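As structure tokens, here come the structures.
Shared between the two complexes below is subunit A, which pairs with subunit B and subunit C, respectively.
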Partner chain A sequence: MHVPDGFIGPRTWLPAAALAGVSTWFALRRIRQTMQAEAIPTLGVITACSFGLMLIAVPLPFGGATVHATGVGLLALRFGVTTAYLAIGLVLALQAFLLGDGGVTSLPVSALCLGLGGPLTAVVTHGLLRRVNERLARFVAGWSATVVAALLTALVLGLQPLVAVDAAGEPLFFPFGWRTVVPALVLPHAVVGVLEGLITVMGLDRWRQEER
Partner chain B sequence: MRTWWPITLYSGVVLLISLSHDPRVPAAVLILILGVAGRRGPRLLLRALITTALFSGLVTLGYVVVALDQGNAPWLWVLRTNLRVLALTTATLLFAALVDPLTLVRSSRWLQTVVVLVLAQITTVRQLVGDARLALLSRSPGRPRLSALIRQGGSIGGALLLKAQRDLTTRTEAMTSRGFFLDADRD
Partner chain C sequence: MRCKLTVLAVMVFTWADSSAHGVIHEIEPGKTYHVTISYANGTPLASTAFEVRSPVDGLVHTVGLTDDLGRLGFTPDAPGTWIVDVWTPDGHGAHIVVPVDTDSRLPASRTVPRSGGILIGFGLILGVTAAFARHRSS
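Presenting the complex of A and B:
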């Protein structure tokens, strides 16, 4: 879901940058108010943890491709939405600037979709389902965080041919509408989300075991 | 002052390429970037090609097939978009090579400390994940099964959470003992 530069137009990424800037400011303020002294180490350590979670790659059964975890479910359920958002946003920024992985202009959109949409979904679904079954709730939290993040990204990409076309009606940025991009992004992520869900369940199990 | 000109220039390049829809603009900027990059230019261009190839390639192929099927000529879009993607990614990679990431957060001492902490720990985390992967491979006589890989993924995830939690206490105590948070209100 690392969208490179050049596929999202300035009519989308400029407002997204403003929104991401404001939400980051609020998140930083909140984390500093609630944690005070621990805020700096918390953000540093959790960001490094988020970077590590994104290195967990599982090869797909068909072909030589691999998919990697995002750790959104794990981070959100263990450290909360605010910390997860800041950590994932910082990791995406470091990946874009240091590795060229994911665009800088698409960074605000990715941060909002994956960093904010994902953790929010994970926490809400976990909260709704935890009374039914804790492990099922964790699995659905991990799965739904991945799927919702993909859906939000697809909605932003699919918006491009509606808001940016030239005089001849040809798209200026991403060329496909929602009917194409939503299934193209959401269906593979619904499969990848199963891995993310399992990793969320097993990761939290392992953490609980070691904690005891 | 010296650190601000690459940031201003980079922001200008990003805006120029994003707002211009003439393929000659990203082409000219790309040539300029490669000229500024000098000997490392071809390497930067290759890295930009590798990191964007999958996404750009799939979207371009899909668009060409759809446009040709509808009897439209897709070539202007193909040229414009791919040149824009390449120019922006190469500009970012050159910017990252020229500018220390710490200067980007120079205005906030608080954020600068966070970035230093992250960069310092990334190597350790990367090594931890790599070691776990090698451990699984060395214990598996053949190619590890998908279930084993998922179990190992969960195990590394848990280990990383635990490491993060323990590091938090250690680092907070270490930083406090050095008087770090005594002036935390100043930023």
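Presenting the complex of A and C:
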């Protein structure tokens, strides 16, 4: 989900940048009001782990693609949606500016899809399933956060041939439609989502043990 | 302690792997420019659609697929900033700026070691949260 520059047109990334800016301002206000000082070192450690996880590519046995875990489920369930959004946004920004993984113009879209869509999905899924089984709920939360973030990214990419074309009708930016990009992006992330679910379960188990 | 060891293990593993997910490229100038594109672990972006745009009118100059080694070539017919876009269906690829001067010599480009960027990234994350913790506790 590290979308390079030149894949997403300004009709998409400009509104996304405005929305991401407002979301970031709101999240910063909220974190200043609610974040307890004792929890911040743990936030730093998990965010650093998220940065590391996104650098470790998992090769898939089909199509030559590689995918990576993100730690988004763990961040969302441990700290909530707004804090997870800021943490993932920071990680994506560092990767774009320091490593060139993902573009600067596509950063707002990536932050909204992965940093906001992923944590929201994790929290909602966990809330729905926790009465059935707590650990199952954590696993599904991690898995679904990854898959939904990939689906949102695929929907944005697949939108480009519809909203950004030249006079001849040729795509100016990402050329593949939803029929191609949705399965190409979502299916690999459904596989790596299993790893994300396990990371969410084990991470929360670990920190719950330390809290006792 | 175990937590710190886990973080250390992640950092070491990250360092060893040095990322396969990012996309890197090399430009070989000449009468015909050759661009080689690969994931950061060296796996080439083979059989991947690419498009080259001219600086003169912004129109498409060359289209095609990269070869098995992730290479593509185009022959610029004007100086300026040429754009090479490479797309994979899963949203990866590259937006490459290729400066072409009048005598087809490529200016030296800035290269930041990836390992240095990874270390700086870890440092910035821990530094930002440490500064925030200090601010909250005071």
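The rule we apply is simple: the second predicted complex is superposed on the first by the 180 of 212 C-alpha atoms of A that agree within 3 Å, B and C clash if a C-alpha of one lies under 4 Å from a C-alpha of the other, contacts with A are read in each partner's own complex, and residues count from 1 in each chain.
Throughout what follows, contacts are C-beta pairs under 8 Å (C-beta built on N, C-alpha and C of every residue); 3 or more make two chains touch, one makes a residue touch a chain.
Everything quoted here is computed from the prediction, not taken from an experiment.
In the superposition on chain A, A:Gly127 makes contact with neither subunit B nor subunit C. Contacts of A:Val104 after superposition on the shared chain: subunit B is touched, whereas subunit C is not.
Of the two partner chains, subunit B is the only one that A:Asp205 touches; subunit C does not reach it. In the superposition on chain A, contact of A:Ala154 is made with subunit C only, not with subunit B. Once the two complexes are laid over each other on the shared chain, residue contacts for A:Pro15 go to neither subunit B nor subunit C. Of the two partner chains placed by superposition, only subunit B is touched by A:Leu195; subunit C is not. Shared-chain residue A:Leu53: touches subunit B and subunit C both. A simple residue count on subunit A separates subunit B from subunit C, and the partner touching more is B.
In the overlay built on the shared chain, the residue A:Ala96 is in contact with subunit B alone; subunit C does not reach it.
In the superposition on chain A, the residues of subunit A contacting both subunit B and subunit C are 2-7, 36-37, 40-41, 43-45, 47-49, 51-53, 55-56, 59, 90, 94, 98-101, 103, 170, 174-176, 180, 206, 210. Against subunit B, in their complex, subunit A makes its touches with residues 2-7, 9-10, 13, 32, 36-38, 40-49, 51-53, 55-56, 58-59, 61, 69, 71, 74, 78, 90, 94, 96-101, 103-105, 166, 170-176, 180, 195, 198-207, 209-211.
The touching residues of subunit B, counted against subunit A in their complex, run 14-15, 17-19, 21, 47-48, 51-52, 55-56, 59, 62-63, 66, 72, 76-77, 80-81, 84-85, 87-89, 92-93, 95-96, 101, 104, 110, 113-119, 121-122, 124-126, 128-129, 146, 149-151, 153-165, 167-168, 171-172, 175-176, 180-181, 184. Touching subunit A in their complex are the following residues of subunit C: 2-3, 6-7, 10-11, 13-14, 17-24, 39, 41, 43, 46, 49, 60, 83, 85, 87-95, 112, 114, 117-118, 120-122, 124-126, 128-130, 132-133, 136-137. The part of subunit A that touches subunit C in the complex is made up of residues 1-7, 35-37, 40-41, 43-45, 47-49, 51-57, 59, 63-68, 90-91, 94-95, 98-101, 103, 153-154, 157, 170, 174-176, 180-181, 184-185, 188, 206, 210.
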